[in-house]
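One chain, chain A, links the two complexes that follow: it is found with chain B in the first and with chain C in the second.
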Partner chain A sequence: MTTIRIVFILMSCLLLTGCWDRNELNEIALVRGIGIDILNNGQIEVSVEISVPKAPSGSGGGGESDGMAQGSGGITLPTVRTGRGVTIPDALEKLQEVIPRKIFWGHTEVIIINENLAKTGLRDKMDYFMRNPRFRLHAFVFVTKGKAKDMLGLETSLYSPSEVLTDFSEEKVMLHVTLINLLDMLNSGDAAIPMIKKVPPQKKSKPTQTIPFIKSSAVFKNDKMVGTISDKLTRGVKWIQNDIEETQVTVNSKKGEGYISMTLLRAETKLEPVIKKDGKWKMIIKARTDDDIILNESHLNLKDPQNIKIVKKALEKKLTARLQHALDKVQKDYKADVFGFGEAFHRKYPKQWKESKDHWDEIYPNLEVELDIHANVLRTGAGSAH
Partner chain B sequence: MPFRRSNQKNSLHSNQLSSDLSKNIHTFKNAFEDCSDIVYRPFLINGERKAMMIYFVGMVDFAELDTNVLSRLMEKNESKERNVTQWIQEKLSVAKVTEVTLIDECIQEISTGSTLLLVDQEQIGAAIQLVGYEKRSIEEPSSEQVVKGPRDGFTETISVNVALIRRRIKDPNLKMKTLKIGRSSQTDVSMMYIKDLANETLVEEVYNRLKRIDIDGVIETQYIEELIEDHPTSPFPQILSTERPDTCAASLLEGRVIMLVDGSPFVMIAPTTLLSLLQSSEDYYQRYVLGSAIRLLRFLYVGISLLLPSLYVAVLSYHQEMLPTKLIISISTSREIVPFPAIVEALIMEVTFEALREAGVRLPKQIGSAVSIAGALVIGQAAIQAGIVSPPMVMVVALTGIASFTIPRYNLGATFRLLRFPMIVLAGTLGILGIMLGLLLILTHLCTLRSFGVPYLSGMAPMQKTSMKDFLIRAPWWMQSTRPHFTGKYNKFRQGPNQKPGPQQGGD
Partner chain C sequence: MEINLNRSEKISSFQLGILIYAAIAVTAILYLPASSYSSAERDFWFSPIISSLFGILTIFSVTKLGSYYPHDTLIQYSGKIIGKIAGKIWGALFLIYTLSIAIQVTWQYGEFVNAYFLPRTPRVVVLGSMAFICAYAIRQGVEVIARLAQILTPIIILAFIFVFILLLPDVDLNHIQPIFGNGLLPAIKGSFFSNLWFGEFIVLAFFLPSLKDQKNIKKWSFISLLLVTMTMVLMNIIALLALGNSTGELNAPLINAVQYIDIGNFLSHIEAVVMAFWIAGAFIKINVFYYVLTVGTSQWLNLTDYRPIVIPILFLNVLLAIWFVPNVSAYQVFMHTIDGIVGPIIYTFLPLFLLFIAFIRKGW
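Entry: the complex of A and B
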């Protein structure tokens, strides 16, 4: 009898209290992407791309045989809604007013930030995304020159703009920065975030019928955007960040009179901070790479090991130039430590770092950087057209 | 005989047989009043002494009775005087004849199919066991089929079943004790064990538990199971029942005790652990790699059968961020027109599935297939098109159903199927937290369970190194050199050392 009583009480606890934070899937609006713009009057405008599931068309029309396929199908239509306010949460509250379902942030894949907003500083704005536990820290962050809202509103044919951007980021050809990466970079140095742009639409289609793509990178000093670097320089930055995964390098050796293209198999970059005896700070960048030759337009006979050496030298030279170029622009011009040099010194020389931490802004632009690059040509390809 | 709430047994017929034949007959006619299938056959032994045979029609082999009893006793060629004992020794060419003196005994013998022979002027009767009722032949066990392995299964006749086991273990140490349980049914219940392998205290315990049963009848093993198990309120089966003599033989060799019940083709095995309920006999009959792989698959599907619907409900109602974006979007589009919350949808589908399963088992075969077709159509297509349930839910329910049938023991599968309903409610009210709570409850309960003193989770908890060889994987036979350990002292090794075969191991 007592058992029955206890079970009854326990069941009541479960069933009577109800399911207070239950959100049925049909009652939530899945946010795929967020765009943050700043208006002329200083107000924040937040736009969200939500997936509105289109109910399957039911059994009408298509005949009985493929009824199942019809019933299970159905598509989602990306829709953009906008809210304005003095802060992001303020704008989001306005946003909820125009969305009939509860906004669900758990599936936010991209966050697009307007350039003007980025120039005023990111830290304060990103604070909301870090504090609110409902956001996915693996959402990709982008900067765009125009309005972020327009990017989210592009009429991409198959996927939604957020999906397109996620796919681009996962290709890892350019920078890919998630919210948690951004947090790390803001805490330990300066940030670089991919910048997106519209692919020019085809002639006959509307200007919005196109997709966004990652064109360049935005460089941040502290948390304020200070400039952009091109895709070529971005690849140099990626080399130094030890983030290069797939790339083709084409060299032009004087002796061969023609181009040789190589594809990258492995690349590893190590940062070796050194504090010399005279107290001068120095950074050695050690890069090792193994490549395969995929195209030979030159006269060089690649069966000859001597010629391979020439190719190797040319590759090393090319890489050195590429890295140096990136360093010149980012280190000297923008004075932004997007490579994590400061972090490397911090790890290796914690004591000295503690003393000079506050002067890092002065040390960094004049830091001596040595490039130590070794390339290897592993294979010369399956066959040859020569 | 009414059951009293006291220990008094009423004994109406505990008297001796009388030496007056007509008085005895009167007693039996009284006892078997209104039993129209009883036969009283008076005859003269040697043409001079009055005698009477009493038996039930249909339980006696007439042909044998005629040639070996009646005709031999009625022969009129000698004049030697004999008493019953001598008649049995010299004249009755029947294998099993017992002398009976008590009226109670006589009634019991007649009831179980013996023929009672009473002779005038004698206080001793003879119970001639020429039992000849119809019985089913040995067939393949329908509830536990294997691809490779023996095809014989137990029948409803206990003597046949015992023989099936004896044929597999030809060891004089294979012992058997028989009790009659059930005041009206007088069912033979036998326990078998191998002396030296089965723990003596275990044997004693099983015997004592069987002995204390006082019930009107035992029709199936489940009657006994529920009367001797350690935790009668648990949803988990604590005794394994099987239809396969090979499973019984293997269990006997592991030191377990088996219990046979006349009239049921199922045999109970004790002690039973959760692991042994999750093992199929075929695990041991296939190559060990395959056996191990199937076992791993089975463990996976045990989890699915218990958890999949509740996880689905929890994720859809509380933790939408846990699924990949594309998956959740595809689910959300298919769920868009479903009017019910996920928990209601899940309960509707699960209950329908259980109903279909039950109908499929219970109905005659010809109609059964019609039900399954109608069920598949109703659930699979019409419900989705009507927008009452979503396609992913149908998939979840179907997968769960399949998963529960991968559990080799039907009763354990049913337990998991049953437990998944409270799990769905927990998932619908508390999300993943509820599922974890439910799992903890089940796990704690499993830890408290014992089967004849052996922890239900033994092998896992308490963990034994040797039992790991027969747990997640099934190690090859040459590695399984020890028996599973239950309690106390045991006969550890089951094979000689160095059994691993190889080119060097043969006889030169």
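Entry: the complex of A and C
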């Protein structure tokens, strides 16, 4: 009896292999990044960057001496494959034809969208990623001017283009937008997505031997791309979005005749929506920041508190200009609510918002915005060379 | 195998409390949040608190009825309260509806496993293997199920806490505001869907006769209710805070939230681990409903033992779970209409009515 039981239990272990859904590592193609382009005939071209786990190459030959290849036993060589079709899944079907292994979506970290495609609307394209349960919503989304395929195909010396872009996003110097953030923004207002570009390759190397980086931002009205803003304006947008992590600001005050650079320790921005008694809507942007001086090329003697005050005023002026600039472009020109002003009103004045949300498109471009910026200079550095 | 006719197995109130917790909370965090969100929007996290009123009513009537008839289950004492024929009709209604709930639970489990983890595995295999171990557990009796819950539930609760903590870095408090921007009404509307889950406390009625300390059951079932409500509210809040406005566009927001966890680029892709615990919870839930169904049916048919009908009923369940629900949309319509209306009537109001009659007959 006991023997039969043991045999039965052991046999039931066979059921644990998961016969239908086994995903052996050597049978799948791990997709790291996906690029979506639109062709002239309206077809969609989907490119994927695939990591193919390979056996260790023994003596470490070739150019894999950058520290990535050691240790974990396998080198991943990225390859880019492409498929075309009328929709993304349609293109993926063609794509699967040229990939000998099963496409595996669980590790996709990057989605790159071509600018022309972004101009036709994002929501329909994002739908596939939302419906596919194996797709991670943590994937970062980018827009690029050229072909997304070319971005994925760059021969980065360090690691794959997707990893480079993930790292850039996690640095948070520029915008960083995951799939779920994007959907959230599209649902509650308008979106801004980082825009990538190639770093100009060095003279002797091939034009593809470089890395992608986040250069600017694409602004979306509803779900269609309406324009771009430069890195400078993007910082302004990040200020208003309360998303400033680490940055250096350099000011030039008239009195000092020279540059003073500061590093930002803390920055906090609050949106304070106000509906005035006469029914006018107004937004107050309150920004508070603490900074340290890290460079002084001016004549100002920073041991004098009066001069610190001058620096402080110059910094406030600079930040005000930066934010105003971003507002002018995004609010007045593009009329896109990437700052979440609408949401701020929704949060504070739910009733009035409910009544007016259908006219938000008319209210927003003419919304009065007041900037209330207050900077503190805390320290002047460990020493000085003056 | 020796069949025990006079039930000598005994469980404690504490065991029953955590058994019920797992049996209710586990599926309440899966598809329910999306339904509540559809009418309550960002106030949907509050809906379970409103619904918990149904839990209080149900627990109150079930425990009171249990104290009137300490050796009987719901099916047995309803005959004594409202007469034999009316009791049989009510029993049939209850069993048919419980069958539909058992089918829904089975279907949800199968759907979840198939949609998110094993898409190519045939539904029959997913459901059949679960029904098979459930049949074994149920034939072993209530003590086994209770001990199983005692082992698994703490792990499941830990997994919930783990998810909550790991999602904290992705939290944006703005997502929850404005709180009650349109008044309480949306949250009340959202509670329409969650009422059923709190009505499920009715299953207590089938475990009360097996208790060795009936005096404590009120305490433990209310603690269980509190924990269920807390679990639902906290899981809803964390999903909302992490996913924001997109919560309503996801079928099972919590799974996406778990997928979203990414701590320092190394602690990510943990959904498979978390969901393994969820499946352990689903196992308890399915067990509880199959147990209620088989015990209830055997008593309704006046059988001396429930064990012979365990396998047929489970077979029926698996079969119906495959046939009954053609697709997700159909299930959601069913959940939004039949379950929303019939659920509270059968699980909460009719027992309350029974209690009322019993009260008239027996006094306080």
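Methods note: the second predicted complex is superposed on the first by the 351 of 386 C-alpha atoms of A that agree within 3 Å, B and C clash if a C-alpha of one lies under 4 Å from a C-alpha of the other, contacts with A are read in each partner's own complex, and residues count from 1 in each chain.
Heads up, the rule we're going with is that a contact is a pair of C-beta atoms (placed from the backbone, for glycine too) under 8 Å apart; a residue touches a chain by one contact, two chains touch by 3 or more.
Please read all numbers here as calculations on a predicted model, not as lab measurements.
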Key: First, second, both or neither for A:354, with chain B first and chain C second   = second
Message = So in the superposed three-chain picture, is A:136 touching just chain B, just chain C, both, or none of them (first/second/both/neither)?
response = both
Task = Name the contact category of A:187: first (chain B only), second (chain C only), both, or neither.
result = second
Request  = Look at A:30 in the shared chain and tell me whether it touches chain B only, chain C only, both, or neither; answer first, second, both or neither.
outcome  = first
Message = Quick check on the superposed pair: does A:106 touch chain B, chain C, both, or neither? Answer first, second, both or neither.
response = both
Task = Please work out whether A:51 is in contact with chain B alone, chain C alone, both, or neither, and reply first, second, both or neither.
result = first
Task = Based on the superposed arrangement, let me know which partner A:21 touches: chain B (first), chain C (second), both, or neither?
result = both
Message = With the touch criterion stated at the top, can you tell me which chain A residues are shared between the chain B interface and the chain C interface?
response = 15, 18-19, 21, 106-107, 136
Ask   = Contact residues on chain A for chain C in the complex?
value = 15, 18-21, 106-107, 130, 133-134, 136-138, 170, 178, 180, 183-184, 187-188, 340, 343, 346-348, 350-351, 353-354
Ask   = Where on chain B is chain A touching in the complex?
value = 316-318, 320-321, 325, 328-329, 331-338, 341-342, 380-381, 384-385, 387, 391, 425-426, 428-431, 434
Message = If we count contacts the way the header does, which residues on chain C are in touch with chain A in the complex?
response = 115-122, 125, 129, 174-175, 177-178, 181-182, 242-246, 249-250, 255-256, 259-260, 262, 265, 268-269
Task = Quick one: which bits of chain A touch chain B in the complex? Just the residue numbers, please.
result = 14-15, 17-19, 21-26, 28, 30, 32, 51, 53-56, 58-59, 67-68, 71-76, 104, 106-107, 109, 136
